[in-house]
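Labels run A, B, C and D following the written order; every chain starts at residue 1.
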Amino acid sequence: MKLDLDPEVVAKARRLAARAAEPIIELARTHTTVSVERAVLRLAGVTGADADGTPWVNRLVDAVRDQVGLEHGVALPVFHALRDDPRELVRARFTIPSGADAVRARERARAAVGRGIARIDRNRADRNLLLGKHGDPEPPWIYLIVATGDIYEDIPQAQAAAREGADVIAVIRSTGQSLLDYVPEGATRQGYAGTYATQENFRLMRAALDEVSGELGRYIRLTNYASGLCMPEIATLAGLERLDMMLNDCMYGIIFRDINPRRTFVDQRFSRQIHARAGIVINTGEDNYLTTADAVDAAHTVIASQLLNERFGHEAGLADWQLGLGHAFEINPEIPDSFRLELAHAQLVRELFPDAPLKYMPPTKHMTGNIFAGYLLDAFFNLAGVLTGQSILLIGMMTEGIHTPWLSDRDLALENVRYVRRAAGALAEDFRPAPGGFTVTRARQVLAETVDLLDRVADDGLLTAIAQGTFGVTRRPADGGKGLDGVVAHADGYYNPATELLEEGP
Amino acid sequence: MKLDLDPEVVAKARRLAARAAEPIIELARTHTTVSVERAVLRLAGVTGADADGTPWVNRLVDAVRDQVGLEHGVALPVFHALRDDPRELVRARFTIPSGADAVRARERARAAVGRGIARIDRNRADRNLLLGKHGDPEPPWIYLIVATGDIYEDIPQAQAAAREGADVIAVIRSTGQSLLDYVPEGATRQGYAGTYATQENFRLMRAALDEVSGELGRYIRLTNYASGLCMPEIATLAGLERLDMMLNDCMYGIIFRDINPRRTFVDQRFSRQIHARAGIVINTGEDNYLTTADAVDAAHTVIASQLLNERFGHEAGLADWQLGLGHAFEINPEIPDSFRLELAHAQLVRELFPDAPLKYMPPTKHMTGNIFAGYLLDAFFNLAGVLTGQSILLIGMMTEGIHTPWLSDRDLALENVRYVRRAAGALAEDFRPAPGGFTVTRARQVLAETVDLLDRVADDGLLTAIAQGTFGVTRRPADGGKGLDGVVAHADGYYNPATELLEEGP
Amino acid sequence: MTISTETIKQIIRPYGDTTGDAMVQVSFTLPVPHGSRAAAAALQLAGKMGLDPASVVHSKAMGPDFTFFIVYGKATHLIDYAGISVPEGREYPLLTPQQVNLAIRTVLGRELVVVGACIGTDAHTVGIDAILNVKGFAGEKGLEYYREIQVHNLGAQVEVSELVARAKACDADAVLVSQVVTQKSAHLHNTKQMAAAFAEACGLGRPLLVIGGPRFDTVTPSDLGVDRIFGKGTTPGEVASYLVHALLPTWSPS
Amino acid sequence: MTISTETIKQIIRPYGDTTGDAMVQVSFTLPVPHGSRAAAAALQLAGKMGLDPASVVHSKAMGPDFTFFIVYGKATHLIDYAGISVPEGREYPLLTPQQVNLAIRTVLGRELVVVGACIGTDAHTVGIDAILNVKGFAGEKGLEYYREIQVHNLGAQVEVSELVARAKACDADAVLVSQVVTQKSAHLHNTKQMAAAFAEACGLGRPLLVIGGPRFDTVTPSDLGVDRIFGKGTTPGEVASYLVHALLPTWSPS
């Protein structure tokens, strides 16, 4: 440990984060959402959409809600109503069963969802097999984005990226998707600045990457974005289609998508339980804070949020190796010692979370139209990544300030990171912050500010802190934003076979 | 000292270098050249050229040589023949005076040359004044090249470069000049890949930089190239026109210009005596070795040559602060750990010559047409420069593999180095090579190889080593190359007022 | 449009390192396999772009089907610099917040009402916030800071129908919309859709429509049916001054 | 010239991130002060280069009189890829050193004599040495390694008159000249001067003239009066094979 942090201060920060998280965990334990319930149905095997493209799970959950409310969960009414042909269900009249009916519905629901979870378990086992067979790349993993909007254009680009050295492929979603309260169906060819996350798109891309993994002798991971109004369902689909990493933050949707805080907190817990079971590495979104807030002034908000994400993650069953906590290289390059400040921040995160597969994001905010300056800044980002032992390096694009990446942008970006890794990959050996020097002092200062902030959040409540604009200088009141009407408090007798099975463990 | 070098090994390397240099110093002490003699006349105030552009100093030295030989030097016959009108001299009949004539000629020569040296002394004092007045920039000094071929295009470019942050301006010479056995006269507007080094061009550029130094509150240094067949004369002109640094290597002309080794060794001693007196910082050319030899395999040849240059420099009167020893960032970026190897080499040079203003050259050999890759490599060069405390940073151009620098190339190059200095200028604090680690081990290995090489050179003789292609894998036999016929052994009674005055000291 | 005072005929060329060398750098990808035929195609394109001579200084296979090129060449085109009028700039004076407030108080006699939003699925609020929020941009305070301006910042991802409704509800004098995402020309489509909706809903009595974002440089306001476009680096003061200029044309600072 | 086997009509465009988007990147400097008029001039140039629409994504003052631009735009040009014949490539087989030696022994019955040099003031010997020295290039040994080739490497900065004299003196079959410095087209002038000198000195009986260097891509051998140009990345084996092809046309490897 190069920064010689005071373990007492670190322990205190964790205690405060736990205290701040507790009321939110309680909220999540006692509420459900439309998307959680739809995810249950997806696990139980409900797929497809009606002629208008509305998924059957939406039709079902809406019908249940209209008829009997969601406070008991969908499992009981749906499996009670289920006869021979599941297609009849949408026209069914739902009731909440009781007595023996309830027991039977419960059993059938549990069995059906169990099959979904078994598929997730098989995928996890398959992943382990494939990692053994193809080989697991050395960190830092190179993380590249494809975003053509058309899954059939994304596939060759993703394969090309893998051949060029990418270890992780992320398919960016169409800008609108996180606000949709349903998951589109099927293969899609039309998206804005990204491609819709659908089960079929997941399947197609995973298959394409399996193919190229075999070719390359290196297992290529696939990632997508859970955050949004359908976080639980997308997490579920990721588990069902063997995605390997998922963007899944406890607060991103609130702050950057104006999704209601309660909705998000309930959804994130369920989605993380799925990710935990699926052996999926989550990626959190603290990097985004630094696009709206100043990366120096707000450095401690990143750390505070990471500690909260860690606490929520642990509670949902995620192991340390699944906590891809996010942070970013976003300090204004015009300020003195910017690179040294970046190193201090990145090293601090590394030492606070030694076993977490940290996701380190490249400069975006200070990328301009000067592609040469951009290429340079990306190189220093890559260097900071290797010097501080980051685990997942997103690859910065010199054209970040201009357009979504072109083929050649990506190729040049990979050349950049390849050079840095090859030339200086092991330089961390000689990066030893001078005791009491600039780097160590800065890291300690950020940690101290984090403790102060968490202290305040624990006292005032996380919802209040969010409402006050603590994260990403964006104020989000607890009752504002989209999707609050999809949140329902559990009634006595609420039944969710998925939560039950997930909490029992494998 | 970060590498913890064994002082005994360092001392041994210096002892061997001195032993290898000794016979060459003896050669230089006992011989003169046409250019040394022309330099004496230039110091004595002979300027201008005939109608064909042949400088009067050439006409005079040739005439003396034809009539009485050069083994007594030009000073005696010329000042003996000198009547009222110096223009008569070229038609004079020269003799070697003896007795009282000799004494008188000697005195007049000494007085005339003394005036030239006094001007050099005044320039040195002026420089010190201006450094005080305008301010001396902090190292690393940013060194930029202009090379339009036209002094009147060079001037605005140089001023623009200074405004953008250059601390040192080098005017590259026209490719052919170093093989000319005369120094062209006057302001010139036509050169290939560079501008002729002439006294008038020196004067114009120095004046332009004085102007901009005042404007910027920072003394901008001017440098040019002494190496070549006229090394003594160009050094003299530099002293007379207050240039601040000069390229002046003991072997560059031999290896890269196929100039005769003996000629070069005699010329370099005189030119360094001038530079020593003028307070000019010399720059040596070891960087060039790595353009023809492999930068890893031949790393020790750079160090060996620096130790030789140091020895020759000290002997000629140069102080440590005047020894701008050259080295370069030329390791193939495709090989693993290339940046770490560069750091080991650069740090080794830094620690071997703690008081020398090291000149660190950017990548050239592995620069291709890929300007993005080039910009990246230049950034790492800049970083190596600040991490290892180099004194003079030449600024790499992303278009090095394509063309001589454009205005925009230079501007982007300066943005690159400015970012690196601003962002990571003080990072050396945290660059502390791990004891026994990769960097330290590599540096020790190169030093050990240096000692072995110098041992061999001391035994076999430096001329033999050069003939065998030791430096820059280029073989140069002692009797080959251009300009040997300009070398003349001193006769008894050889008189050179310049050497006399220079060796007496101020 | 103001014509530059400098009216001497002036023909210019790009400048590499000497006057008139006309050298430019180009890079692009061609969807063909790497090789000499691809290089010939790259030179053909350079030729059509008017580069003569042109050199391929770098080419690299990007997978089996694409090749990236860097080309340098001499542009044969001349630029008639004297003929270029200074493009439409700020054709109104830049006012201080005090002047803006005074103008509104004097001429309008009530607060000027501004509604701001990012429409469509665009979630990039930093730009519109820079203009509207007190915090501001580049050292200038945003419109919320102006005592006489009433700001309704609707935030991101606002539907056009909602924007129209809100603008009507608060009787907005001006609607300020930001669009940052340009993929598939989303910014242009969204803006046109917005302009059409206001035209339909309000007819001639529609509020002033102001659009902003970093990549509107290929279009004019009339292309989009709005009154004004603001680009990269816009400051709040420029916008406030424009509002005075456009909405209170009778006022002049004395 | 060989025509590609692929003869389907094929029209291509540059590729940014989707087929047909035709996007390219350009950078250049204009000798005018930074500002909106300069940007308009940059767009005018982009337009003349056939970029429509085009955006100035970056501009920077370089001192008071120059502005640097980075522009992205959509190229309106089409490339007739099918119509591009594979450019003159290696129209002879690549031989091993053994085959080359055998050919010379068989057909010529004596050593083939080669003289190499950098002419003019060019001191860049690395390229010609890569072709001639035993050490070679890219893993291939240089011509000195070939038993049946006699190499006279004159080194750098050789005057044309001296080169002609030396070539005559050793009765050279081929003269190999390198030119790396291209400023003010020095490489072209020097080469033409050399070709003229050989023509004058030897008439039709002149040796084969081969020129090489990294920046001859804008000219053809006949422009310069030589027999062959070799560019970047040339290997010794290619040159040896060419010598056999050009000097021993009757030989064919069996």
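Just so it is clear, contacts are C-beta pairs under 8 Å (C-beta built on N, C-alpha and C of every residue); 3 or more make two chains touch, one makes a residue touch a chain.
In this text the structure is predicted, and so the values were computed from the model without any measurement.
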item	value
Co-neighbours of chain D and chain B - touch as defined	A, C
Pair with more cross-chain C-beta pairs in contact, given A-D and A-C	A-C
Reference chain C; chain at largest CA-centroid distance	B
Euclidean distance of C-alpha centroids - chain C vs chain D, Å	44
Distance from chain C to chain B - Cα centre to Cα centre, in angstrom	52
Centroid distance [mean C-alpha coordinates] between chain C and chain A, Å	34
Touching two or more other chains - residue numbers and ranges from chain C	15-16, 23, 25, 27-29, 56, 60, 66
Shared-contact residues (touching 2 or more other chains) in chain B	370, 403-404, 406-408, 412
Chain contact topology (line, ring, star, complete or other)	complete
Of all residues in chain A, those that touch chain D in their complex	148, 150, 153, 368-371, 401-408
Contact footprint of chain A on chain B as seen in their complex	333-340, 343, 370, 372-373, 375-377, 379-380, 383, 398, 412, 415-416, 419, 422-427, 429-434, 437-439
Sites on chain C touched by chain B in the complex	15-18, 23, 25, 56-58, 60, 70, 72
Contact set on chain B toward chain D in their complex	149, 160, 163-164, 174-176, 179, 192-193, 256-258, 291-292, 403-404, 406-408, 411-412, 474
In the complex, chain C residues that touch chain A	27-29, 60, 62-63, 66, 68, 120-123, 125-126, 155-157, 181-184, 186
